[in-house]
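Input: structures, listed below.
Each of the next two complexes has chain A plus one more chain, namely chain B in the first and chain C in the second.
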Partner chain A sequence: MVDYIQIAWQGLVSGFAYALIGLALVMVYKTARILNFAAGTMAGISGFLAHWWAAEQDMPFGVAILFAMIMTGAGTYVIERLTVRPLVKLGDFLPIVIMTLGVEEFLANVSLLWWGGTARRYRVPGDIDRINYLIGDFRLNAWHLVVAITTFLTLSIVGYIINQTELGLGMKAFAEDQDAAKLMGIKESTVSIWTWVLSALVGGVTGIVFAPVLFLQQDYMNIIFIKGFVAAILGGFLSLSGGVAGGLLLGELEAFTIKWAPREFAAALPVVIVFIVLLIRPHGLFTREKGHERV
Partner chain B sequence: MSDNPEIQENALQRAGIPLPKFLKKNHYFGFLGILLIYLLAGTYSQYSQTIMNTIIFAIIGASLIVVFGMAGQLTLGHTIFVAAGVFLSANITTVWSRGLETEIPIAFGVAFLLGLLIGFPSLRVNELYLALATFAVAFVGVQVLFEWKQFSGGGSGKPVGKLELFGYEFSRGPTLVRIALILMLITFWIVGNYQDGRTGRAWNALRTSETAARAVGLPVAWLKILCFAIGGGLAAIGGVLYAHTLRFAIPENYGVSLSIIVVLALIIGGKHRLMGAVLGAAFVKWLPELSRDVQEYEGLIYGGTLIILTLIAPDGLVGMFEWVADRITNARRSEKDGKGDQTSKASSVPLESLFLAPLSSSEPKGNLIVSNAAVSFGGVRAVNGVSFEIPAGGVTGLIGSNGAGKTTLFNAITGHVKGAEGKFVLDGIEISQKPIHTRALAGVGRTFQNLNLHDDLNVLEHALLGLDRNIGYGRIAESFRLPWVLREERNAHYLAAELLDHMDLLEYWDEKVEDLPYGLQKRVDVVRALAANPSILLLDEPAAGLPTAEALEMMKKVQEYANHISAGVLIIEHNVELVADVSDRILVLDAGQTIADGTPEEVTRNEQVIAAYLGT
Partner chain C sequence: MSGLKIKDLKVGYGRNEVIHGLDLEVGPGEKVALLGANGAGKSTVLKTISGLLTPSEGVISFNDDEIGGSSPSALVDKGVIQVPEGRRVFPGLNVEDNLKVANYGKSPEFLEEGLETVYKKFPILEERRKQAAGLLSGGQQQMLSLSRAIIAKPKLLLIDEMSLGLAPLLVKEFYEQLGDLFSEDVTLLLVEQNAGLALKYCSRFYVLRNGELVLQSDSAEYVDNPVALQSAYLGVDA
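And then the complex of A and B:
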C-alpha cells in the first residue's frame, strides 16, 4: 500500500512540472493562438541563471531567484517585441511558430556556450533536497514539499491574475474572440506581451524549482516542455484548468507505467497519449466540443 | 478539320501558355550541376565528407519540401524517418549482410508506412498542434530507439556494415559521393515531378485553403497522410546514406535537435524550391567548414539567420534570388510593353473549341432535392426545416435578408457545416452525411462569399485544380513522369486555357490570384468551380462588391457555360434585380425558412417577401 502512495506522490511531483508548463503553453495559445517552442529552453535558462548565480557567483538564494525572474521577464519582453510582434500583423501563424523555433535554436546555443554541455548539480540552501522525512514507510523528500508549495502558490497567483485583474480580463476577452476584443478597445499588443511575460515567469518558476530534482543540464527543461505539451493536449489546449489537470494526470500515468510496463513503452507513453487523445477526444478530456467552423 | 491540337488555333497558343514537357530548363541545370560534382568528386576527395553531408541534407530537405513546402504541414518529427533509414541500414548490412539494393527499398517502405501513421494526427488537428505533436514524436522516438537495444544497440549504438550493391563492394569516399549523387538525382526527380503534377498542385491547394480544396473535390485527408508517407520514404533514403557516411548509428544523434536543424536548413534555403533544399544544406554544412570559430557558434548562427530571414525574406535564400531576378526581368519587360504588342483577341468561340465542345450535353443535370434541412448553432436555428426541389438544368435564385440562413443552407448542402440535418439528393444520389469532397465529386460545385482562393497559385492552376478529377494518371506514374502523365497534363492545359478564354481570364493566366483585382478574383473562383464540370453550381453572392454591369456580364458567361454542360445553378444574391434577370425561379428564405417560391414576377409581388425585405 505504501508502495502505491509512494508512486502516486512521485507522479504528483512530476505532474506539478507538467501542469505548470502546460499552463504556460495554454496561456499563450489561448490568447494569441501561438505556440512558443522556445518555452522549454527559456524556462531552462531561468533555472540555470538562478542556481548558477546562487552557487557560483555567491548570491543569496532569494536574490538570485529574484534576479533570474527579472531577467526572464525582461528577456521575454525583448524577444516578443523583436521577433514575434513584427510577424503578428501578417496574420499567419506559421512564420511565428518558425520564428519561435529560431529563437529556441538561438537560446539553446547561447546557454550551451555559457554553461557547456555537461550536467551539473548545485547545492540548494540547507541542502533541503537531501533531507528525507520518513512517515512510516513513506519517504518524503523535503524539496518535493517545496515543489508542491511553490506549485500551489504559482497556480493561485496565476488564478488571481486571470480572474481579478484587468490583464486577466483582457486575456479572457482575447481567448473568446480576438476581433470583438479589439473592437472593445483592448490593446492586442499589450495583452499579448504581458501574457508572454506571465507565461515565461511560470516557466521560469518551474525551471528553478525543478532544477534540483532533475540534473541541471543545458536542455533539461525540454523533456518537461514536451510533457507539458502533452498535458495541454489532455486538457484540450484551450482550458487553463484542463492543462493543469492534464499535467497531474500525466504525472500519475507515467509513474504507474514505469512501475509496470516495459521501458520502451514507458518512453513512448507521451506519444501514445497524444495519439489516443487526438483520435478519441481532440478537444481534450475535460472540455466539451466547441461549435462550428466558419467558412 | 484536323484532329491534331498542335496545329489548331487554340487559346493555349494564343496566350503563350507553355505545355508541360518531359524536361524543363531547371532539369538541365540540375543535371549539369550534379554531373559536375560527380566528375569533381575524385579530385577534391578531401571534401568528400562535407559534400556527402550536404547531399544527405539536400535529400532530406527535398523530402521536407513534400511535407512542409507543398502540403504545408510543419513537421518537427522528420528525423524519425531519417533514423528509420539509418538503423534499418545498420541492421540490414550487419545482420543480413545485404547491400543497398535491399536497404533502400526496405528503408523507403518502412518509412512510408511510418509516415502513414505519423500523418494521421494531421487530420485531427490544426498545423500549430501538429508541429508540437510531431515534435513529441521526435523527442520520444529517440527514447524508444534508445531503449530498443536489439534494434538500435542502445546508447552505444550499432556499427554499419559494408557498402555493397548486388554483392559488389565499394570503397567509401568519392564512390559513396557518386552513389549519393545518383540517389539525390532520383529523389529530386521524384519531388520535382510531384511539384509539376496534380498531386503537388493539390498539396499546394490544401496548404493555402483547405476549405476550398475540399470543395473542389480533392481528397484532403488522404493527401495529407500521403505527404507524410512520401516525404518519410524519401527521407529514409537520406538516412541510408547517412548510415554509410557515419559508419556507426547512435540513437541520440537523431533527436529533436536534428529535426529542428533540417527544418531550419530548408526554411533558410527556401521551402518551395528544390534549389532551396540544396542551398539550405550547403549553408548548414559548409558554414562550419569555414573556421573553428564558426563551428563553435554554429547553432547560434543558424538560429540568428532564421530569425532574420523570417523577418525579411520568408521564402528563404531562393526567395531572395527570385525576387531580384523578377525585378530585373520586370524592368526589361516593361520596356518592351511600352511598344504595345497586345495579343489580338481571337474571333473563335471557346465553347465550340475542340476541347470544350465535347463537354456539351443536352441532358439536363443537377436535380437537387433538399428535404427538411436544418442547422443550429447553439440555440439558434439558422436553417429551420427547409425543403425544396431544384429541377435539372435551370437557374434558381435564393434570396433573403442578412442572417436568413442562405449561406448556411449552402454549407449544409456542400457539407461545410457540421451537424446539418436533413436529406440532400443530387440526381438520384443521396449526398447527405458524406464528406465534402465526395459531395463535390458527386457533382456539387460551389463558390465562396469571401473568396476562398489559393494564394501563391496562378489563375491557370486554379482551373487545373477544378479539372483534377478528370486527370486520369496515378500517383506512382506521376512520380516518374510517364508518358501518359504528360498527355493528360497537356489535355488539361488545353481545356483550362479554353475555359479561361471563355471567362475572359486568358490574358491573366500567369498572374498570382492575390495580385488580381477583386472582380477578376471572383471570376477565378467561378472558373475553379466550373472546371470541375459540376452538375449543380452553387454561387454564393457572385455579384457582391461588383458593379452591376460587370456582375451581369460575368453571370452571362456563367450561364452560357452552365447551359453548355446542362448544369443547374443555384445562386445567392442580394441584388434582386440581377437575380430576377437571370433566374427561372426564386426561393425566398427568412429566419431559416422558405417563405416564397415561384417565378421572379410572382416572388417580387409576394407580400410576405416585401414585408421581409422592407420590414413593414
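And then the complex of A and C:
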C-alpha cells in the first residue's frame, strides 16, 4: 500500500511540472491563439539564471530568484514586442508559431554559449533537496514538498488574476471573442503582452523549482515542455484547469507505467496518449465539444 | 459642424475592395439607417467606423475629430460604440461579467451606475446575472448586447442588424425600446435588413448596393411603402 502511495506522490510531483507548463501554454494559446514553442527554453533560462546567480555569483537564494523572475518578465516583454507583435498585425497563425520556434532556437543557443552543455548540480540553501522525512515507510523529500507548495501558490495566484482582476477579465473576453472584446475597448496588445509575461512567469517558477529535481542542463526543460504540451492537449488546449488536470493525470500515468511496464515504454507514453486522445476526444478530456450557438 | 462625416471612403479585405468611395453623414443626435441587400457592404462600413477595419482611402470624422484608422479601443474612449451583428456576447462569461467588460478600463463606479440602469430596463438580466451568457435565449442575448452599449455610454452608436435571427415581434419591441434605452442626443447609424422597421425608427436612410451608394432619402417618403425600395436594392426598375 505504501508502495502505491509513494508512486502516486512521485507522479503528482512530476505532474506539477507538466501542469504548470501546460497552464503556461494554454494561457497564451487561449487568449492570443499563439502556440509558444519557446516556452520550455524560456523556463529553462529562468531556472538557470536563478540557480547560477545563487551558486556561482554568491547571490542570496531569494534575491537570485527575484532577479531571475524580473529578468524573465522583462525579457518576455521584449521578446513579445520584438518578435510576435509585428506578425500579429499580419493576422496569420503559422508565421507566429514559426517565429516562436526561431526564438526557441536562438535562446537555446544563447544559453548553450553562456553555460555550456554539461549538466550541473547546484546546491540549494540548507541542502533541503537532500533531506528526506520518513513517515512510516513513506519517504518524503523536503524539496518535493517545496515543489508542491510552490505549485499550489502559483495556481492560486494565477486563478486570482484570471478571476478577480481586470486583466483576467480581458483575457477571458479575448479568449471568447477577439472582435467583440476589441469593440468593448479592450486593447489587444495590452492583454496579449501581459498574458505572455504571466505565462513566462509561471514557466519561470517551474524552471526554478524543478532545477534541483532534474539536474541543470542547458536543455533540461525540453522534456518538461513536451509533456506540458501533452498536458495541454489532454485538457483540450482551451481550458486552463483542463491543462492543469491533464498535467497531473499525465504524471500519474507515467509513474504507474514505470511501475508496471518496461521503462522504455514510459518514455513513449506521452506520444501514445496524444495519439489516443486526438483519435477519440480531439477536443480534450475535460472540455465539452463546442455546441451549436443558440439563436 | 459635427456628427459623423464620411468622405470618399474606400475599404476592403486584403485586395478585395468592398466599399468603393462612400460619402455619408449623420448629424448630431440624428438617427440614420444604412440599408441594402446581403453582401452590399453595410457591415463593412460599420466595422470601419468602429475601427475593426482600416480604411484604405477617405476620411471619417466624428464631431470634427478625425477618427479613420484609429484602434477600436481609442474609438470606444471617444464614445464610438458598436453593437455587433449576431450580438456577440461572450458565451462562457456570465451575464454580469459580460457587462463588466463593457466598462473595461473605466472606474468601477460607472459600472455600478450602469448595472443599475441596465437591470432596471431588463430585469431578466439581473435575475440571470450569474448565468453563462451562452445559455440565454436569443432575445435575452440581444438585451445583453444592447446593455453593454448602454454601459459604454455611446456618443455615436452603431447597431448592426439587430433583427438577425430574432422573432419579428421581438425585433419590433427592441426598436420601440431604443429611444428609451439611449439618450436623445446619441447619434445613431444602424444597419438593418428589415427596411420597414428601420424606416419607422430613423429619419433618414441610405441604400448601399455592391459597395456603392445608390439612394439616400428621408424615411417619410418610403415609410408607408418600403416595397418601393426594391429597385434600389436590386438595381432594376420595380
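In this text, the second predicted complex is superposed on the first by the 290 of 295 C-alpha atoms of A that agree within 3 Å, B and C clash if a C-alpha of one lies under 4 Å from a C-alpha of the other, contacts with A are read in each partner's own complex, and residues count from 1 in each chain.
Everything below uses one rule, namely that a contact is a pair of C-beta atoms (placed from the backbone, for glycine too) under 8 Å apart; a residue touches a chain by one contact, two chains touch by 3 or more.
Everything numeric in this text was worked out from a predicted model, so none of it was measured.
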Which of chain B and chain C A:L278 touches, first, second, both or neither: first
Which of chain B and chain C A:N132 touches, first, second, both or neither: neither
Partner chain in contact with A:V97 - chain B first, chain C second, else both or neither: first
Partner chain(s) touched by A:M184 [first = chain B, second = chain C, both, neither]: second
Winner by number of chain A residues touched, once chain B and chain C are compared: B
Partner chain(s) touched by A:E166 [first = chain B, second = chain C, both, neither]: second
Chain B versus chain C as contact partner of A:I226, first or second or both or neither: first
Contacts of A:S156 with chain B and chain C, given as first, second, both or neither: neither
Partner chain in contact with A:E176 - chain B first, chain C second, else both or neither: second
Set intersection of chain A contacts, chain C complex versus chain B complex: 293, 295
Chain A-touching residues of chain C, taken from the complex the two chains share: 50-52, 71-73, 76-77, 81-82, 84, 88-93, 97, 100-102, 104-105, 134-138, 141, 148, 152, 165
Chain B-facing residues of chain A, complex: 29, 33-35, 37, 83, 86-87, 93-95, 97-99, 101-110, 112-113, 222-223, 226, 229-230, 233, 237, 263-264, 267-268, 270-271, 274-275, 278-279, 282, 291-293, 295
Touching residues (chain side chain A, partner chain C) in the complex: 166, 169-170, 172-173, 175-177, 179-188, 293-295
Chain B residues within the chain A interface of the complex: 72, 74, 76, 120-121, 124-125, 127-129, 131-133, 135-137, 139-141, 143-144, 146-148, 211, 256-257, 260-261, 263-264, 267, 296-300, 302-304, 306-307, 310-311, 314, 377-378, 407, 411, 416-419, 448, 452
